[in-house]
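Working notes, structure below.
Per-chain residue numbering starts at 1, and chain names A, B, C and D are given in the order in which the chains are listed.
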C-alpha cells in the first residue's frame, strides 16, 4: 500500500516532465497554430547546452544552463521562424512536415558535432539527495523538475496575462487581422512567440539531463508524449496543458504500476483517443463562429 | 480528347517499361529492390488518396502496412512450420499455437485478412475520430501516436509477433523458394501489376463523383454537410481504402523482401512515406508513386555512398520542397509545362491552387 | 478540360527505371560467377553494420575494429597472397535493410564473406539470405543463443559464456533474491527465461520481471517497484539509451552499487561514458573481454586501435569483431581457398591467440570457446576484472549440458 | 397549427457561455412563403438559422419542420429532410468547376453506384439550376475564378439543385454592387415562386423591394411580425433601428 501511495508523487513528477516538454509546444501551437516537430531537437539543443557549459561552469552547469539554453533554443526557433515557418501560417499540416525535415537535419548535425554516443552531464551535488514521501524516495532532481515546471507555467501565465507584450500576443491569437489593423506588429509577435516556445524546450532539455540520456536521439524519445499532452489539453490552452500533463502522468504511473511499461503507453494512448470522443477539441476550446 | 489518348499511350509505355524493359535490363537483385520500392509506392498511393485528395494527413500508415504484412507473414510461417509451432514461438517459450494465429493457417483467410483487418481498424478509427470532427493536425498527431503505440504493442507481444525481430526466414512462398531468382522475378511482376491496377482504380475513384466529393470535403468539410453528405462517412471510406492499399503493400513486401518487423511500421517509416508523397507531388496520384520510388531509390543508393548524409539530404530536400514547391515534382513539372505553353502563345489552363483547410 | 493524369506518371516510372538500368549496367553481373570474391589481386569481404540510425552508436565501433583487423592483415601481405578489399554497407538500424544489403554483398559484390550485424533482429533477418545463398556471415556480438546456423560463425558469447557466469558470480556473492529488468525484445526475454530456470535450480528467488519499450526513459515507477521488492541484486538486460535513464534514476533514488548491485550484460566501456561514471561506478558487468584484460595481444590491439581513433575505448563486441576477421583469415589460409565449404571445414577446431586470450572455434556449433569475465566499473570509466572462469568455456547455445535448462528450447 | 405551416419554432433558447443569444423565439413559416428576417447586429438572426440547420444546439424549445423535430439532428440529415442554406461568406469549392459544384449539391439523393461513376454530361436538375443562376458560360470553369457576386449566385444555385422545401439565405446581397443586387433580387423572386424561403437581410432597400412578410428580431426575441409597411411604421422598430443607424431607419 505504501508503494501504491508512492505512485502519487511519481505520477506528479512524470506529469511535471510531460508538462515541461509540452509547454513550449503548446505555446507555439496555441499561439500560432504551428506544429513544431523539431521541438524535440530544441530540447536536445538545451541538453547539449548544459553539456557544453560544464567546461566552464563545472558541476553547477545545470543551473547556469537554464537561461543560456533558453536563449540558445529560442534563437534556433527564431531562425526557423524567420527562414521558413513564417511562410506557412494557416497551413498547420505543412509546418508539421517542414519541421520534421528540420528535425532530421538537426539530429544528424548533433551526431556530427557531438558524436553518436551519449554524453554525460553531471548533476550538481545539491541535487543528488532525496526526501521520503509517503514511504518512498522522491529524488531532489525530481523535485527540481517539478519546481521548474511550476515556475515555467507561472512565467508563461504572468507574461500572457500581465505584460503588454503578452496581451498583444493574445490579441494576435484571437484575431490576427484585427490585431494587425490595430497597430500590433504581428510579425514581431510571431517571432517573439516562437522564441519563447522554443526557449521553453531548451529549458526542458536542461532539466532532462538530470534523469535521461543526452544524445542525438534525445528529442525523439519525448516528442510523441509531448504531442499527446497538447492534443489532450486542447489547442494551446495553458490550463489544459497543465491538467492534461498531470492527468497523463498519473495515469502513466498507475498503469505502469499495475501492468508494465509497454502496456502503460498503450493504455495512455487509448485513454487519449477515448477522451477525444468526449471532448474532440481537448479540454479547453476557444469558441469561434467561423465556418472552416 | 487527345490528352486522354496520349495519357493512355503513356500509361501503356510505362507499363511496357516496368513489365518488359526493367526485367530484361536489371540484374535480379536490383529488380528485387525495385519490387520493394513498388510496394512502398502502393502504400504511397493510398496516402496520396487520403492526404492529397482527402486532406487527411495520416502519419500512421505504417500500422496498416504492418497489419497486411503480418497477416501474410503469419500464413507463410504456419505453412513453413507445417503443423508445428513457428520457429520464433519455440524460442519465445510459447507451447501452443495462440488462437489468434489459427485462422492464418488457411491461405484464403490470411489473404482476406490482409485487406479486411486493415480496413476494419481504419473504419473503427475513422468512425471514432471523424464523427467527432477530429481533423487536421489533431488527426495527424493521433495517427502518429497510433503508430507509436502499435509498434510498442507488437514488440511487447513477442510470443505472438516475434517482437523486434519480426517474422522472417520463410522457406516456401506459394510453392516456390523465395530466394530463387525466378520467384523474385514473379513477385516483381505481381507487385508491378497490383500497383498498376490500384493506380487505375484510384484514378477512377478520383475522377468519379465520389472523388469530387472528396475534394470538396478536403476544401470545406463543414460546407459539405450542408449539401446533405456526411463528411465523416466520406473520410472513413477513403481512409479505409488507403488502409487497404497499405495492407496490400505490406502483404507484397513480405515475400519480396522476406521479412516484416516493427522497425518498418513506426513513426519514422510512416512519416517517410508521407515525405515521399510530398516530394513527388501530393495532389496527383502519380506524384505519390513517383515520390515513393525515387525517394526509396535515393535512400538506398545514397546509403551505399555516404551513410550519414542521407538524413541531411532527406531533411533538406523536404524543407526545400515544402517551402519552394509544395506541390512537389509533379507541381514543378506542371509549372514548367505551363510556362512553356505560355511562351508558345497557347493560353495556359486555369491555375488550380488547392488550399489547405486550416485546422 | 481534362487533367492529364498520366504524364506525371511517365516521369514517375521513367526516372527510377532509367537510374536502375544505369546501375545494372555498371555492375554487369548476369549469372553467378561463383568466384567467391576471389578475383584479380584482391579478395572482397563485406562489412555490414548500421552506420546510421539508432544502432550506429554501437555498430560503428565494431566496424572500426573490423577495418583495423583487415588493415593489419593487408599490412602483412594479405591472405593467399592477395589483399583484402572491404566493401562497407550501411544496415541503417533497419532489419529488412540488413537482409537486402546482405543480398547485395553476396550477389552483386560477390564477397568471400561478410562481417556484420549487432542486434539479434538484424542477424535473424540476414540468416535466411546467407543460408539460401550458402554464403558466410561472421556475427560478433553476444546474443541469446538457441541458434546455430551452418552459415554463421558466432564470435560473441552465447548464454552459457555470459549470462550463466554472471549468475554464478551473484550466487557466489550470496545474492539470493534478484529482480529482472530488461528492454522489451528478444534477448532480454530469452535471457530472463534462462535466469529463472537457473534461479529455480540454485535456490535463488526472482522477485520481479519487468520490461520497458526500447528507448524508454521514464523509470521512476520501475525504481519504486524495485524499492518495494527489496532484492539483493538486479539483473539488467536493458539496451541502449534506456540504460542511461535507468541508472540515473536508480542512483538519484538512493540505490548505488553498495546498496543494490546491478549486473548488466549490455554495458561496455563505450556506454559507461554516456551513463555518467558517478551513476554506475562499482556496478558489475559480465563480458568476455575488457580494455584492461591482461596480455600482449590485447596491449597491441588497444594501442593500434587508439592510434587510429584518439581517445577511443575498446570493448567486448569490438574485440569479437576484430577476432572474427582474424579467425576467417586464418581459416582461409589453412584451407588455401575462400570457398565457403572449405573455409568452414578449416575453421572447425581452429585456434588463435587473440586479445581476450586463446580462442578456439567449436566445429559443430560454429561458436567460439570464450573465457567468462566479471568486471566492476571503475571511477575512470574502465572496467576491472574481478572474477573469471579461468578456462575458456565451451559454447553451448542450446544449454544442453545444463540439466536445469532442459525444456528451455 | 395550420395545415400548411412548414416550419414551427416554439420557445427557442440558445445560450453561449452564459450569454442568451436567443431568449424564447416563436416563429411560424407557412409553405410557399417568402419571409424576411431582420434586426440589428446581435439580434440573433444568424443564430436562429444555425439552430434550424443543426449548426447550433438549442438550450430549450422545439423546431419542427413538416412535423419532424429538428433539434439534435446532425446537419446533413436536416439537409436530407429538405432544408438548405447559404452562408454570409460564400463557401463554394474553388477546386471544382461550377458544374461540379452544382452536381455535388444535387447528388445526395442519387444511389451509391452513381456516386462511384464518373459524371457524364449534365443532369436535368443541374442544367435547370445553371439556367436559373445564369452562369451557363462559366459552367466548366473552376469556381475559384468567380467574382463575389457570382459565387453567391452559385451558392443559391447549389441550394436550388438540392431541391429543398425550405431555403435559408443568410445576407445574400451583402457586399454586392447595385447591378448584382438587382440580379439577386430577381433570382430571389423567381425561386420564391416554387419554394419556401427565409432571408436574413440587413439591407433595407432590398427589403422594401422584395419582401412581403417580415419578422424583426431584437436582443434574441421576436419584436414585431407583419407585412413590410406595418413593420416599417411600427414605432418599436424605428426605435431599435434609430438608436443605431440613421439611414437604415429612414
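As a working rule, a contact is a pair of C-beta atoms (placed from the backbone, for glycine too) under 8 Å apart; a residue touches a chain by one contact, two chains touch by 3 or more.
Computed from a predicted model, the values in this text were never measured in an experiment.
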Those chains which touch chain D and also touch chain A: B
Of B-D and B-C, pair with higher C-beta contact tally: B-C
Per Cα centroids, the chain farthest from chain D: C
Cα-centroid distance, chain A relative to chain B, in whole angstrom: 32
Computed distance of Cα centres, chain D from chain B, in Å: 44
Inter-chain centre distance, chain A versus chain C - centres from mean C-alpha coordinates, in Å: 36
Residues of chain B engaged with two or more neighbouring chains: 152, 155-156, 220, 222-223, 308, 311, 350
Chain A residues counted as touching two or more neighbouring chains: 111, 260, 262, 265, 291
Where chain D touches two or more other chains at once, by residue number: 87, 91
Residues on chain D engaged by chain B in the complex (per definition of touch): 53, 74-76, 79-80, 84-85, 87, 91, 93-96, 100, 103-105, 107-110, 114-119, 141-142, 144-145, 158, 162
In the complex, chain B residues that touch chain C: 3-4, 6-8, 10-11, 13-14, 17-18, 21-22, 25-30, 32-34, 36-37, 90-93, 152, 155-156, 158, 163-166, 168-171, 177-179, 199, 203, 257-259, 261, 263-264, 280-281, 284-287, 289-290, 293-294, 297, 300-301, 303-304, 307-308, 310-311, 329-330, 333-334, 349-350
Contact set on chain C toward chain A in their complex: 54, 56-57, 60, 184, 210-213, 215-218, 220-222, 224-225, 227-228, 241, 244-245, 248-249, 251-254, 270-271, 273-278
Touching residues (chain side chain A, partner chain C) in the complex: 2-3, 6-7, 10, 13-14, 17, 111, 116-123, 127-128, 130, 136-137, 139-142, 210-215, 217, 220-222, 252-253, 256-257, 260-262, 264-265
List of chain A residues in touch with chain B within their complex: 29, 33, 35, 84, 87-88, 90-94, 96-98, 100-105, 107-109, 111-112, 224, 227-228, 230-231, 260, 262-263, 265-266, 269-270, 272-273, 276-277, 280-281, 291-292
